[in-house]
Structure formats: structure tokens, C-alpha cells
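What follows is a pair of complexes built around chain A, which joins chain B in one and chain C in the other.
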Partner chain A sequence: MMLSAHDLFAILPELLVIFAACAVLALDPITPAAKKDGLAWLSLGTMAICMGLTAARFGSPTTAFGGLVVIDNYSCFWKLLLYFVTGLTILLSLPYLKEERIYFGEYYGFVLLALSGMMVMVSGADLLTIYLGTELMSISLYIMAGLKRADAKSLEASVKYFVLGAFSSGILLYGISLLYGSAGSTQLPAIAAAIAGRSPDDSLLLIATILIAVGFSFKLAVVPFHMWTPDVYQGAPTSVTAFMAVASKAASFGAFMRVFVEGLGGMRANWSLMFLLLCMGTLILGNIVALVQTNVKRMLAYSSIAHAGYALIGVVAAGRLAPTEAASAISSVMLYIALYAFMTFGAFAIIALLRKGGLEGDEIEDFSGLAKRHPFAALLMLVFMVSLAGIPPTAGFIGKFYVFMSAVHAGLTWLAVLALVFAAISAYFYLRLVMVMYMREPEAGTALLPRFVSSPALSIVLACAIAGVVFFGLYPDPIVNLATQATLTLK
Partner chain B sequence: MQSGGFPWLTLLIFLPLAGAAALFFVKETSVRMVALGVTVADLLFSLPLWWLFDASSSQMQFVENVLWITSPSIHYHLGLDGISLPLVLMTTVLMPLCVAISWRSIDKRVSSFMAMLLVMEAAMIGVFAALDFVLFYVFWEAMLIPMYLLIGVWGGPNRLYAAIKFFLYTLAGSILLLVAILALYFQGGHTFDIVQLSQQTYAPQLQFWLFLAFFAAFAVKVPMFPFHTWLPDAHVEAPTAGSVILASVLLKMGTYGFLRFSLPMLPDASKSFAPMIVTLSIIAIVYGAYMALAQTDLKKLIAYSSVSHMGFVTLGLFMFNQQGIEGAVMQMVNHGITTGGLFLCVGVIYERTHSRQIADNTGLTKPMPQYATLLVIFSLSSLGLPGTNSFVGEFLILVGTFLWSKIAAALASLGIILAAAYLLWMVQRVAFGVPSPHHLPKLTDLNRREMATLIPLVVLVFWIGLFPNPILSRMHASVTNVVARAAQSPQESPTSTGQLAPPVEPAPAAQTVQSTEAPRP
Partner chain C sequence: MTIPITYYLVLSAIVFLTGLVGVLIRRNIIAILLSVELMLNATNINFVAFSEHLRDLGGQVFVFFALTVAAAEVAVGLAIIIALHRAKDTIDVEQFTLLKW
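Let's look at the complex of A and B:
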């Protein structure tokens, strides 16, 4: 196959990101320690250019490499979200890495490599392309999770993530190979055509579907494939945790929905039942276990598991609705993940902000009396928690509203009721943090801590997160329209 | 529906919000003045509505309708009818008083406290004015967080428990409401417009489930027996202003919800559930009153009296006749005024003796004669003495109940007798009992600020008690509308005929009741 200019132009953003990653890795050894920040600014600049490129492509879909890669609105939507989150991650890392004393120029290189993997995932229209993207993302994340080299928890997180991640990749790959055996292709449109009209009880097809679902469920941290999440989220450096909780989840949802909607749409009666069970398990376990956490990062890990459950409701609904109506359910999932990105990233940014000297700042007790010590940080955390609990007028409510709407539309009213019951339960642990911040006195020891001094980079991160949470809570039209235009059609 | 015109309701909602934002930039010393200024301004802006309101129309007035979210189409749709107008005015009247009563008693994080009060005001007016179901839900839920913080940050010793209990109870109730709203959207022609949804007919089976979902949300808020257990805790721990808001406005949202949504949208289900609601209401009336008798804490006593009085409101609503419903709306307003006054009185004495126990606050007539007078007035109003406001509402409700069932009316009347018992007994001890010696030296009578806080409510007590017609006439057309809607009931399900279906009185009968009742005092 010849490389054509069209193909290269189609993946220009990916190429740019990979080029920037290589540049960061190459420049790192020759950059004096005092100027390492320059690498971050280089990465940020790349994000800005890519955002422009991808935004310009929105609305003019094309395919490249003989259909291995599609540049449609759907992939552009996810990519825009990914650039945004990566940009925030880089900004958050600037002050945070100094606090953690992690001085690796490679850090930004890994962030960019992970991003390029995610971009390939959401653009891939071929199972192997998607698999390659998944691996590129995962391997970068394994390394990033272990960057706090002196910290046993960080290393444990890295190894745990690697072992389980490799395991799940194997399952995914096995599923892909079985599907290839059954459908005779790895390209999603060809698979869809091959399985059209097949009996849903076709055992080979069924096993392949299950294995692929399991592989993705690991990446999405869906119960019962979530076990790695709490340890990894807690152990990894907070900026990496934020990146994983938001960007990797978004990319995985992007690829996952494309595979199941565009490739395995013919099996939707089967997979919607399967995801219904996973979704219920995720909602129940994620929210219940979060209740008893004493570490905020762990709590947010379980919360992110639970949020994957809410997003899955939309996927289940998409499988239940008529093909013409499924688009709205898919866009509700996209909307949910996009809005989830703002609030979750904001919450992790606050945790990163509390990191000071010897204090980890991620135990719930560390938040005692935060409203007195740092009222503004406490107010922001309050808004993020309220939004995560899904209470209006915040973005979290809008996300839940659309997902529940598609559930009711698909006749899954009982599932919406169940999910809302667990949303009410989740309010308890989100509000417990609010209670600790606002209704407890600061502990004796914490009063001695140096007061938090905000850096401009952190301020930008928090401003972006809070603006997203509040603005889209009050006026969600722009992002709803974007998701509606970018949705997939069930074939 | 008239549209356009001056956006009164937007002004009423956004003025407090702007005020809350402004408080962050105001010096700590002048925070109280600014908050008072904002709430008074809001009151002044709400007063013209009283005269601009066209009492002859049952249509929504002061309507504003702007597209908010395109897909699905959700509107920023506001408007008032004769039911919501008095409630909005009650809210704007009470808020400056809440600021005033917190003048001295709140001394930490004052600006945050005042900001919370102002956010509450905006959300409460929003709930009463919203004509889009999603907008209603947004306001309804948005209230939870500021109220949670009001109780949890500025409350009494057991505030954490009370705050989370309040929050989880109300949240758990309202989640089903959201599902019901979504289900209505798909069954009611893809709209969230409350006016349009109220004009459609839904299948009995659907009505059944929707009613239960609505009931979960509204019954917790009212609160109806047996969902009332959050109320005494929240009342006791909340700061005075929080108690006033809770009792006077928040509880009304539950009954307002029944009246605005359950009755007109789900008339068949409302009728088949009426026996249950009536039973629960009567239990609440009697049980609340009995519990009030046993209380030694003033706030708890008033909290249980609220359970009892709100039982009258739900009782009146589910009579489906003009008297019952008009009485219920009157009782909503009156309970807001009277109970608000009582809580303010408790707040005043708590500032002085730092105790809400009746035993610690006895014999106040001597040291505080003015205070004792006002306390007696509010107590008499609360027990429904003719000439005071509560009499009007309770009388109308009992008339409505009598038309439906004599036994129910007789049982409900028990509540009035018991109310006289617990309130007079309370007054006897607090006002006229043997003075508790260790408090006497430091007790001073009402200062000017406290006087100014309580007097407006006293005026309202007598004004509504003696001249209820201005309010009744304004709500008349709207209530007729609801009654007619409930009476239509085009799909008579077999279960909802014989045993239920109370006779719907024609409007003239209601007129006579009003005219015989009004000049009585």
C-alpha cells in the first residue's frame, strides 16, 4: 500500500503529536534543568495547533489508509476533548511535578505518546488499528503511573496496572482474532456487513463479542474488571491519575462504542443485555464501596468506576433503541464523558493543589476545615463534588439528565430509577467531603502548614474546570449540539 | 397567556443571585446591610405583582418564555397564577426578616451565610414561578446545597447529622421525580411545558406510577407522615433563619407540587390515592399534635406543630373541591407567616438565654412584656383563633372535608383542639409561668430591630385574618381551574368510581362559603 498525501494529511494531528513527543524526548537530555518547563510549553503549543487542525476538520468526514482510519465528527469530538484534557494535564503537572520532585523531561513525552495512542483509538476503524492505539496508550500510562520512583505505592500501581493491563490486552486480542475468524475481516464496516443477518446465537461470534467486551471493560474499569483502578489511582502521581481517570476513560469509551456500534451493531441484542448487567454491577459496587473510603483519591477512583456505569446506561439504551433513534443515546454517552471530564479533572486538581511537603493531602482528614484555610479551594471542591453527585445547576446534572433520558426513551425506566437511587447514595460520600471541608475545624497540625500559594498554571486548570462545570450546567446547548452532530449511526 | 412585558420574575430571581455574588466583594462589616438591602429590594419589586395581577384570569401571568436548551426543547419559562402569587410574595416578605433575625446571632462567616440565604431566595422563587418541568426540577434541587450548608455550618451541636439527614431524605424523594418528568416527556407529546402537560390525559396505569413518583418527592418535602422524621432534626439544628425558611417556604413546595402537578396532571390517580392521602393527613394532624404536646424543646414543638398543620394542607388539597383547595392554599400562606413568626420568637429568646428548652424560658411576661405579647399572638394564630389568619384556612379546609366525609372532618378537628392544648400550654409556661431565676437579670425586651422583624408578620396575621378576600379572590380562578381539571377525569377507571369520587361543588357554593365566612370576624 502506497502512502498518499491524503493519508498523511488525514493523520496530520497524530503525526504532529508523535513528532512533538519525539522532540521532547530528544531535547530533554540537552535541556538545562532550569529550562525544563520549556518542554511543557512545547507540548502545550502542539495541543493548540492540533486543536485548530481537528476543529477545522469537524464536519468534513474522510477516511484514510484504505479505511483503517476514519476522520469523522465522532473522532474529532473525542480528539478535541483529549487535547483539552491533555493540555490541562500538562498545566497541572508543571507545579505538581516540582512539588513531587519528579524531574523527568520524559514525562511530557509520555503524555504525548499516550495521547497519540488515544487519538489512534478513537480514529481507528479497524480492530488492529484500535488495538495498536490501545497498547500505545496503555504502555505509556504504565510508565507514568510509576514515576514516583521512591514511593512503593506508585511502583505497586505501575506493576499492578501493567500486569492487569497486559492481561486484558491479551483478552482483547484473542477476541479480535476470533472475530476475524468468524467475520473474515478486522475492518469494522466489513465486520458489520459479514455478520448482518447472522443468528445472534452464533457461538463463535458470541464468544468473540464477549472477549472484546471484557477487554474493553478492563480499560473502562467496569465492574467486575475494575480491581486495578483504586490502587492505581491512589498510587500514581495525582496529575497522572487525573489524566488516566479522564483521558484514558474518554478514549476507551470512544473506541469501545465505535467497535460495538459500527462493527458489532448486528449483535446489539446480545451486547446490550451484557452491558446492562455490567452497568448494574458497576453502579452498585462503585457507589457502595466509595462510601467507606478514607482516601480521596481512592474515593474518586470508585466514583470514576460508578460514572462509567452511568455512561454505560446510554450504551445499553443505544442497543435497545431502534437504529434511527440510537444516535441520541450514543451522543448522551459522549456528553456524559465530556462533562465528567471537567468535574473529575477539577477534583484531582484540587488534590494536587493540597500536596505540600511531607503531607500527601489526599486523605479525607487532610481536607478538615479547608474552608477556613483556603476558602476558595474549598468552594471549588464543593462545586465539583456537587456536580459529581449530579445536582443541578451543574454539568453533572446535565450529563445524568441526558443519559437517563435515553434510558427512559429505551423503555429502561427501572434502570434509570436504580441509577438515581445510587446517585442519591453517591451524594452521601461526595457530601461527606463537603462536610469535612466546611463543618470541621482544621486539625491542629495542619495549621502549621504553609498556606497554599497558587501558581498561574494551576489557576488556569481550575478556571477551565470550574468554567466548564458551571457554564455547561447553566447553558449546555453548545456541547449538546456538538455531541449530537458527532454521534455515530447504528448500522 | 400574555408574554412580553417587564420581566418581573427574572428580576425577582436574579436580583438575590447577583446580591449573593456581590457579597464576596463587600467588606465584612457591611455584609448585613447589603443582604438586607437586596432582600428588601426584592420585596419591593415583588409587591407590584400583587396589584398587576389579573384576578379574573386563571391563565399564567407575567409569563416569560425563552428557549434554554434546544434538544430536547427545554424552556426558561416563568409565570404566576393565583396559586403561586401568594407563595412568591410570602417568600419575599419573609426573606428580609430572615436577614434581620440573623443580624447578631450569626457571627462567623457572615458573608457566606447571607449569600446562602440569597441563593435560597432565588431558588425558592424559581420553584414557585417555573413553568417548565426541568427548570422546576433545577430550582427544586438547587435549593438542597445551600440549605445543607445553612444547617451544617451554622447549625446547633448535632448539625452534621441533621444536615445530612435533611439532604439525603429530600434527595432520595426527588430522584423519582426526575424519572417521572422524563417519562411524562415521552408520554405527553415531547414537551416539558407544565401548562401543556397539565392539559393532557394519561393512561391510568401511567398515572398510577407517576403519582407514586410525585408522591415520593412531595410527601418528603411536606413532610407527610411517615416521611416527616427529618423535619424535627433539621428544625432544631438549623439557625433561626434556616428554620424559618424551612418551615415557611420549603415545606410549601411539597404541597405546591401536589397542587401544581399531581392534581391537574394525574386526576384519576389522585382520586384513587385520595383515601390514602387523607388517611395519612389525618394521622399527621393528630400524631403531629400529640408529639407537639410532649416536647420540651420549643423548636421541636413548633416542628411537630408544622407536621400537624401541613396535614391540614394535604387534607384540603385532596378534597378536590373549591373550599378544600382554597383553604389549603390559604393555610400554606398562613402557616408560612405564623410558623415563621413563632420560629423568629424562638430565635429571639435563644439569643438571650441560649436555650430552647421551655423549662429554661419560663415566665417571660415580666421581663419581656412586648415579646410575650407577640408570642401569644402568634400562638393564638397558630391554633386558629377566629380573627387571625390560620382560622380562615383551617375553616375552609374543614368545610371542604365535611363535604367529603363527616368522619374525616371530625377527626381533623381533633387536631385543632390538640393545637389549642399544646400551644396554650406552651404559652402558659413560657409567658406566664414561674420565672426561671437565673435568667431574669439579663433578659431585656425586644430591641428595635427585633420589633421591626416581628411586627410585619403580626400585621399580616390580622390583615389576612380579618380580610382574607384579597388573597382568596386572586386564587379563585386558578383554583377553579384545578378543580375543573380534577373533575373532568375522562378515563373513569373502575376502581376510582364508587368509593372515591368526592362530589365536586360548583363554584357558586364556594362563593357563598367565602361570603359567609369573610365578614365573620
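Let's look at the complex of A and C:
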């Protein structure tokens, strides 16, 4: 197969991101310590260019490399979200890394490499590209989780993430190999054609489907494959945690839905039942265990597990609906993850901002009296918590509304009711944090620390997150339309 | 005489399960890493066997990529383990208890 200009042009954003990552790695040793911020601005500029390139592609789908890569609206939607989140991560890292005394220029290189992996994941139309993208993302994230090298907690998080990540990749790859044997190809359209009309009891196909689902469940942090999440989210540097909780989850959902809808659509009776069970377990355990957490990062980790459960409702509904209607269920998942990105990133940004002068600032106790110490940060955190709990008129409510509606359309009203009950339970732990911020007195010693929002970069991050949460909560049409145009169709 | 495909599948299933059980019960992190490698190699047996069976080269191409990824993964994994060993003087996973539910 010869490389053509068309192929290279199709993956231009990926090439740019990888080139920028290499440039950051190469420039890092020759950049004086005082000018390391320049590497961040270089990465940020790349994000802006890629955003323009990908936005221009929206609406003109094409495939490249003989079907290994597909650039359609679906992949453009995820990529736009990923650029946005990566841009926020870089901005958040600028002040945060100084606070943590992590002076690695490579950090931005890893962020960009992880991003390139995520981009390959969401535009891969072949199990080979999807697997490679997943690994590129995961390997970069293993390193990033352990970047606080002086902190044993960070290293421990890194090792746990690595072991369970490699384990899950092994399971995913074994599933892919069995699927290859069963369908005779690794290309998703060819798999869909090969398994069309197969008996759902085809044991090889069934085992392959289960193993691939398990592999992805680890990446999505779905119960019972979520064990690594709280440990890793708590131990990793907060900027990395925010990146993992939002970007890696979005990319995993992107690849996961493409594999199951475009490739394994013929098995949807089986997988929708499987995901129904996973989804119920995730909703129940994620929300219940979050109730007893004392560390905010850990609580948000369980919250992110629970949110994966809410998003899975849409996937279950897509498997149950008629092919013509499944598209709306898939777009509800995309919408959910996009809105979840704003509120979760905002919440982690507040935690990053509380890290001051060696104080960790991620225990619930550290938030006591925040409203007195920094009313503005407390107000923002209040909005993010209200949105995570799904209370109108915030973005979190819109996301839940569309996902629950797709469940009702699919005849799963009881599931929507169950999810609603657990959303009400989740309000307890989100609002408990608000209560601590507003009702308790500041602890002695932590009182009246210097100004919190000490950097313009952090202000931009918080402004973007809060604008997304409030704007899309009040006027969701733009993002709903975007998700509707970008959805996958079940064949 | 050709060897039936099922023989390969049984072999790879045995290797895969050995690795899977190894990850779950071993306590030395190097042994866990070895077990993960067993799982990945079981996959490679599958790909090559299916590739031969289906007369399709795609499976063999996949093996090359899987090998490369496994090598990259081990390189990063060992580096993380060395960093942890320096910090904690142990590679027994039972001792990694700073983060707990």
C-alpha cells in the first residue's frame, strides 16, 4: 500500500500533535528553566491549529489508509472535545506544576502523546488502530500518573494504573484476536458484514465480545473493573487526574461505542444485556461508595465511575432500540460525556487551586470555610457540585435528561427511575461538600491564605468550565445539535 | 499433516489463563509483569494461528504491532517499578497500601 497525499492530509491533525510532542521533547533539554512555559504555549498553539483543522473537516466524512482510519463527524466531535480538554489541562498545569515543583518539560510532551493516542482511538475504524491508540494513550498516562516522583503516593498510583492497565490491555487484545479469528478481519465494517446473521450463540464470537467489553470496561472504569480508579485519581498529580477523568474517559467512550455499534452491531442483543448489568452495578456502587469518602479527589473518582454508569444507560438503550432510533441514544451518550467534561474538569481545577505551599488541599476538611476564605472559588465549586448532582438549570441536568429520555424510549423506564434514585443519593455527597464550604468555620492555620486564583491561566480554565456548565445548562441547543449531527448509525 | 486450529486455541487459552491467574495471585510485581507478558503472547499465538487458518496476513501484521506495544509497555513498567523500589525498597504489591478504600 502506497502512502498518498490524501492519507497524509486526512491524519494531518494527528501528525501535527505528534510533531509538536516530539518538538517539546527535543526542545526541553535546551530550554532554560525560566522559559519552560514556552513549551506549554507551543502545545496550546498546536491545540488551536488542530481545532481549526478538525472543525473544517466536520460534515465531509472520508476514510484513509485503506479503511484503517475514518474521519467522520463522530470522530471530529470527540476530537474537538479532546483538544478543548487538553488545552484546559495545559493551562491548568502551568500554575499547578510550579506549585507541585514538577519541572519536567516532557510533561507537555506526554500530554500531547496521550492526546494523539486518543485521537487515533476515536478515528480508528480497525481494531488494530483502536488498540494502538489505546496503548499510546495508556502508556503516556502511566508515566504522567507517577510524575510526582518524590511522593510515594504518586508512584503507587502509577504502578497500580500500570499493572491494571496492562492487564486490561491483555484481555482486550485477546478478545480482538478471537474476534479476528471469528470474523476473519479486524476492520469494523468487515466484521459487521461477517457476523451479520450469525447465531447469537456462536461461542467464539460471544467470548470475543465479552473479552473486548471487559477490556474497555477497565478503561471506562465501570464496576466491577473500577478498582484502580480511586487510587490512581487520588495519587496522581491533580492536573493529570483531571486529564484522565475527562479526556481518557471521552476517548474510551468514543472508541468503545464505535467498536460495539459499527463492528459488533449484530451482537447488540447480547451486549446490551451485558452493559445493562454493568451499568446497574456502576450506578449503585459508584454512588454508594462515594458517600463515605473523606478525600475530595477520591470522592470525585467514585463520582466519575458513577457518571460512566449514567452514560452507559444510553449505550444500553442504543442496543435495544431499532437501528433507526439508536442514533439518538448514541448522541445522548456523546452529549453526556461532553457536558460531564466541563463540570468534572472545573471541580478538579478548584482542587488544584487549593494546593498551596505544601498543603495538599484535597481532603474534605480542607474545604471547610472556603466560602469565607475565598467566596469566589466556593461559589464556582458550588455550581460544579450542583451540576454533577444533575440539578437544573445546569449542564449536568441536561446530560442526564437526554440519557434518561433515551432509556425511556427503549422501554427501560425502570432503569431511568433507578438512575434517578441514585442521582438523588449522589446529591448527598456533592452537597455535603457545599455544606462544608459554607457552614463550617475555616480551620485555624488554613485561614486567610493568600489569594487563591493567583494565575491568569487558572482563571481562564475556571472561566471556560463555568461558562460551559452554565451556558449549556440554560441553552443546550448548540451542543445537542452538534451531538445529533455527529452520531453513529447502527447498520 | 496439518495441526487443527483448535490445538492452537487450546494452547493459547492455557497460556492466557496462566497469565491471568498469575496477575491475580502473584505478589511480586516483576512476576505480575511476566504474567501480563504471557497473556500478550497467548494473543500472538491466536493471531498467527488464525492468520494461517484464514490465509490472511492481517493477523501476522497485528502480531508485529502487539510485540512492539508489549516492549514499550514493559520499558515503561520497569522504569516505574524502579522508581517505586527506590522510594519504598520493596516490590511486593501487598506493601503498596498508602491508597486504600
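One rule holds in what follows: the second predicted complex is superposed on the first by the 486 of 491 C-alpha atoms of A that agree within 3 Å, B and C clash if a C-alpha of one lies under 4 Å from a C-alpha of the other, contacts with A are read in each partner's own complex, and residues count from 1 in each chain.
We take it that contacts are C-beta pairs under 8 Å (C-beta built on N, C-alpha and C of every residue); 3 or more make two chains touch, one makes a residue touch a chain.
These figures come from a predicted structure and were not determined experimentally.
By the document's definition of touching, of the two partners only chain B reaches A:477; chain C does not.
In the superposed model, C is the one of chain B and chain C that contacts more residues of chain A. Look at A:56: by the touch rule set out above, it reaches neither chain B nor chain C.
Of the two partner chains placed around the shared chain by superposition, chain C is the only one that A:180 touches, whereas chain B remains out of contact.
Touch criterion met: A:235 reaches chain C, while chain B stays clear of it. Looking at the shared chain after the overlay, A:15 reaches neither chain B nor chain C.
Once the two complexes are overlaid on the shared chain, A:162 sits against chain C while remaining clear of chain B. With both structures placed on the common chain, the touch criterion links A:428 to chain B but leaves chain C unconnected.
Contacts from chain A toward chain C in the complex involve residues 128, 131-132, 135, 139, 142-143, 146, 149, 152-153, 155-160, 162-163, 166-167, 169-171, 173-174, 176-178, 180-181, 184-186, 230-231, 234-235, 289. Interface residues of chain B, counted against chain A in their complex, comprise 68-72, 134, 137-138, 141-142, 144-145, 148-149, 152-153, 159-160, 163-164, 167-168, 171-172, 175-176, 178-179, 182-183, 185-186. Residues 5, 9, 12, 16, 19-20, 23, 29, 32-33, 36, 39-40, 42-43, 46-47, 49-50, 53-54, 56, 58-59, 61-62, 65-66, 69, 72-73, 76-77, 79-81, 83-84, 87-88, 93, 96, 98-101 of chain C are the ones touching chain A in the complex.
By the touch criterion given at the top, residues 382, 386, 391-393, 397, 401, 404-405, 408-409, 413, 416-417, 420-421, 423-424, 427-428, 431, 434-435, 438-439, 475-477, 480-481, 484 of chain A touch chain B in their complex.
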